[in-house]
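The two complexes that follow have chain A in common; it is paired with chain B in the first and with chain C in the second.
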Partner chain A sequence: MIDAKPFFSDSKSSATGAGVPDLQIIALSVAATDGLPKADLEQVAKESVKEIIDALTKAVPTVTAPQAPSQPKRAEVLSYAGKDYAEAIANMEKFFLTNRWGDGLPIIPPTEEAVEEMLKGTDLPRDHVVGIIDPRKGIGTVEKIAINAVMAGARPAYMPVIITAVQAMTDPAFDLYGVQCTGGLTAPLLILSGPIIKDLDVNFTYSTAGPGWRANSTIGRAIRLILINLGQAWPGINDMKDVGNPAKVGILIGENEVQTPSGWPTLREQEGFPKSASTVSVYASLSYRQIGCIYGDPLDYIAGNMKTALNSQADQWGEEVVVVFSPTNAEIVAKNGYTPDKIRQVLFEKGRVTRKYFGPRPLGTVAIAHAIPKWIDDLPDDGLVPTVPKVEDIKVFVAGGRGPGCGFFIDRWGFGQSHFLTKEIKLPPNWNDLLKNLQGWETPVEVK
Partner chain B sequence: MRRKWFRSSLVALMLTVGLLIISNAPTAAQVTLNILSPRGEIFAPPIKAISARLSSLEGKKIGILNNSKAGANALQPYLEEALKQAIPKIELRTWGIPFNVYPDKEKDLKALADWSDAVIGILGD
Partner chain C sequence: MLLTIEEVITMGKEKFITVMLLLTALIGTGGRPLLAEAGPKQTLWVFNPSGESESAPGIFVDDLIKNVMISQHLPGPTLAGQFPHQRLEIIEAEKPFEAVNELFYKRGWTDGLPIIPPTLERVNEMLRGTDRFPTELVGVIEPMKGKATVEKIAINAVMAGARPEYLAVIITAVEAIADPDFDLYGVQTTDESVTPLLIINGPVAKDLNINYGFGALGPGWQSQPNATIGRAIRLVINNIGGAWPGTISLSGIGQPGKYTLCLAENEGANPWKPLHVELGYDRESSTVTALRAESVYNVFGEDLAELVSVMGSLGSRMSASRGGGCVGVLLGPYTAKALAEKGWTKDDVKRYLWEQGRIPISEWKTQSLIGKTIPEWAKQYAEKGSIPVVAKPDDIVLFVAGSGLPIPQHVYFPTWVQNIGPGKVTKEVKIPANWKKILGKDKE
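Let's turn to the complex of A and B:
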């Protein structure tokens, strides 16, 4: 296997994770080959030939197969000493930072007592496996999820959301392996819909995507810590995003059902769940583009953003896109007779780009994504291509406060493999007790 | 003289007591914080051995697995040329098999494996 130099550790990690640790991997002397002058490509090829011949002809010592665990073990106890607890915590934090176990922010120590308290947030057994977390295939037990939730500063009542989000992200349709390891600048976005938003004091109004609320900030952060500690993805080792994404810190937004225009179905209803349910959606978000309405028709703005996004990332065509209307945007378009279904239809028609943005023909030999079907390849250069494969791939809902009318168009990542997924959140029987314990942890929201 | 002896003894006693107090003073590392490890146990898949190495590449059929990304496409022709120069009797054949959605992936991978004495994968971005 031949890969660019910075990707050597990523390839090695993938080979080991796939059970082929002896796979011979040759690191090229350059960071990338696309765009290199001919003389450089000739040089890179010539200097790799000897290594290739050696890799195919010289004996390789065999790796002894480790025993796969038949049952997840209880978490190991780790001890940190200090002259007082502040110093012991500082020593723990230093250890975590040195070993790449944290996200760089201070962490709450996951003591046995704190983890026991967090486990009250679920009725699932401690050793229940919620999912296998890519890329290193960490076993995502309820206990390990709870430990990382404690570290993030989450409350026990947030556990049902965190567990459901992990379930969604480990669904093969989300392509967590790709999300974690890609060089593309993606980060999981969580969207909550339903009565749980009020229950957990999730900010669904002004700056729902920003800091200030315990639930929004720590649920998102818990997911990031789970991805780090259970998936064991790390920048520059097996997470190859050139500059990353601010949303990697952890992002959760709440649907603003209170100010959703009457007659508009909620996000969860659009995704096939009853109105009484609470759901969490996961989405491999890429870029967050502001949509406005103060200078004209917001649908024109959104369609323009869709085109711009597709022009620059045509190879990402195969996934859903997300349109977050602020209540102001929603109110205006609703008064003009639009519903989410009609909005989708308009955007599907207006947000088209021409075939030429998909690159030279035939797509099969040069395009990254075979998710791009042949009918697109067959179009003339000026033939129009919608921004998504199907009308229903445009996700529309209301979030945020009533400002001047600035929502989001959130672009996708995934090469046709990572899909927007919504799962229903199951509440444990002690839900009311958990909510009682949330008293005092609220930050007021402004609904205007 | 006796008074002097008494004073010396008293000083010695006080020093001894002082030393005992110091030796029993709290050490710097007195508090221990116990936590549970956040790291996930890794699900270890069954290990698959790689194929036996070839004695030489002369006259061998070498399949090239190109992941269809731009970087791999850019390097592939130069790599083929360099291999042919190093081993004139080598036989090369390329399969462009993308890493993502691709309905014929399994079929193409099998064809590549069936045809080849050995495979070189080119990963590009």
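Let's turn to the complex of A and C:
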């Protein structure tokens, strides 16, 4: 395998994780080959050609990586001391962060008592494996998830959401491995739909994608901690996102069903679930592009966004895009007779780019990597390329508060094949008790 | 339990000792029974000195070595590979200093001598000796290819007992041995007993009081930098390179230089150019030169006759058989001065040693393994009856060290060679920007 120098240890890590630790990896002396003049590329090639030939022709000493444990281990208990509780916690945080078990923000100590309390949020046994977390294949037991949930500051009643989100992210269709390790600046986004929003006092209106509500912030953060501590992806080592993404802190958007125009199906219904269910969707998001349009057709704005979003080009094609309508925008388009299905259709038709803009001719390996159909490659230069493979790939729902009409067009990671996935949240039998325990934690949302 | 003296005397020797101690303890405490008192537990946060394998983060060289131990039924430390695979661990014990020593020893992380536990505080203190980032990769250490980051080097430096101001030199020494020209892989996996010799030149030697005089190659109060800098490298080689003796490093008998082998050149007593200037560096630069030193021969003599004799013996067979590598000659100040006064230049001395210090063919042939053949490279010389020790005079690394006494003590360091790299690597010490501050901190 030939890779760029900064990614060498990341590649080694991946090779081991994938079960081929003795994969020969050649590190080119440059960080990227894109855009280099021919002479420079030739120099780089010259430097590596002997290594490449050796790697292909010489016998390789086998590296036996240690066997992964087959049984999940019970979590260890560690102790920290101080002259008072505050100092002991500070010591714990220092230790945790030195070992890279955190996201840099203060953590709630995952004491035995706190974890026991958190485990009341699910009826699954503590040793039950919810999923294997890429890239280092950490075993995501209910217990480990609970520990990270405590650290994030989540409440036990949030556990069903967190567990379901982990299930969704460990579905192969989400490509968690890619999402964790990519150089593309993606962050997993969570979207809630259903009665659970009201139950858990999730903010679905003003600033739903921002801070202020424990449910939104701590569920998102619990997922981030799970990805760090169980997936063991750490920036610069095997999480190679150049600049990172502020949304990595963990964003949870709640659907504003209350102000969804009548006649519009909710997100969960669009995804094929009954209205009575509650669902969580996971999405490898990239940028949050404001749809701010008081004067004019929101659909034109969005279509324009779809055209100009950088990942309307071939090398980032193939994943879904998400359109979050603010209640105001939704009202405007609904008055003109639009429903989510019709909106999708219009955006699919209008949100297209020219073949020339889309990519080089022929598309070559990019077409294979992104499963781009031949008819697109064969279009004339001024032919129009849809920016998503199919009309259902445009997700539409309502969230946020009524204001000047600013929603989000959220575009996709694009480098990989990670898909928007929705899973139903199963509630434990003691749900009502859990909700009773949540009382006092709620802050009413401002629905105007 | 209380015993009479008679009972004590009639017991077996082993029991006697145990009981004797108990009795003494009882007497000491005025007859009160000696209870096993659980003292208050203290906590140490200790860094992991082991090298992360280049194969993947999370896998340490210990894991790879353990696989070798198991698959090839080789001996190894009792707790090999048994440690939390994380950056920092908590040690809770009544006597944490001893507990860490015991634990690290059993994990194969020491050289057998006591180490300083690399606590969070000590390692952070050590890292003040450099302005480089802790995560910077200084080199990959053969043979198990562990990653020597600045932090990992600092951890091992703490264990060795080094002071923060030595870190810049230690890092430079790691750069030197990690250079392919040094062939550390060969050094660590051969059955011969070879170790890096570190020679330090330039102002840094004076700044750090690195011994270049009395006892520079031995222990003592003047040799703390020598001892700890050399030892830090050995711990890096063991813990990050993973050359565990008996498992990976099959060097037959080892040698004392594998504890530490480090000194500075006595530049003041060198009548010619100091080593680093000869090698092309500015006088005001500081350098570390690493040689593959197989043995440390103590040679006496006012002139070069003894040196010539010792060099031209089967002690030099490795470099003579391959025609590669560099040998080291430490010339005492007294002799250096005498030679210079007679008009000899350093090149004259090297040329003389190279021409005269040759292995007679008759002696060559007495070798068990390779005595029957004359090495290809030496055939042209063999016709005249002897084999040079190295290919050319410049492959003799000559430097001056020792006290000012009028006693001509020299050292000859033969080398080990497999014709990968010259085995002589010099690296310039990158002096940290805040060097004065670093030095000022520890002035007595």
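Note that in this section the second predicted complex is superposed on the first by the 415 of 448 C-alpha atoms of A that agree within 3 Å, B and C clash if a C-alpha of one lies under 4 Å from a C-alpha of the other, contacts with A are read in each partner's own complex, and residues count from 1 in each chain.
We adopt the following convention: a residue touches a chain if its C-beta (ideal position, glycine included) is under 8 Å from a C-beta of that chain, and two chains touch if they have at least 3 such contacts.
As the structure is a prediction and not an experimental result, all values here were calculated from the model.
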item	value
Superposed model, chain A: greater residue contact from chain B or chain C	B
Touched partner set for A:Q232, first chain B, second chain C, both or neither	both
Which superposed partner A:E442 touches (first chain B, second chain C, both, neither)	neither
Partner chain in contact with A:E42 - chain B first, chain C second, else both or neither	first
Partner chain in contact with A:A81 - chain B first, chain C second, else both or neither	both
Touching partner for A:R136 - first (chain B), second (chain C), both, neither	both
First, second, both or neither for A:R100, with chain B first and chain C second	second
Contacts on chain A seen with chain B and repeated with chain C across the two complexes	17, 21, 63, 65-66, 78-81, 136, 232
Parts of chain A lying in touch with chain C, wherever the complex brings them together	9, 12-13, 15-17, 21, 63-66, 78-81, 94-95, 98-100, 136, 232, 234, 236-238
Sites on chain A touched by chain B in the complex	1-4, 7, 11, 17-24, 28, 32-36, 38, 41-42, 44-46, 48-50, 52-53, 56-60, 62-63, 65-69, 72-73, 75-85, 87-89, 91-92, 101, 109-112, 115, 132-133, 136-141, 143-144, 147-148, 151, 178, 183, 225, 229-232, 318, 364-371, 415-417
Chain C - residues contacting chain A, complex	43, 45, 54-59, 63-64, 66-67, 71, 81, 86-88, 90, 92, 120, 135, 147
Chain A-facing residues of chain B, complex	26, 28-50, 53-57, 62, 68-75, 78-79, 81-83, 85-87, 96, 98-103, 118, 120-125
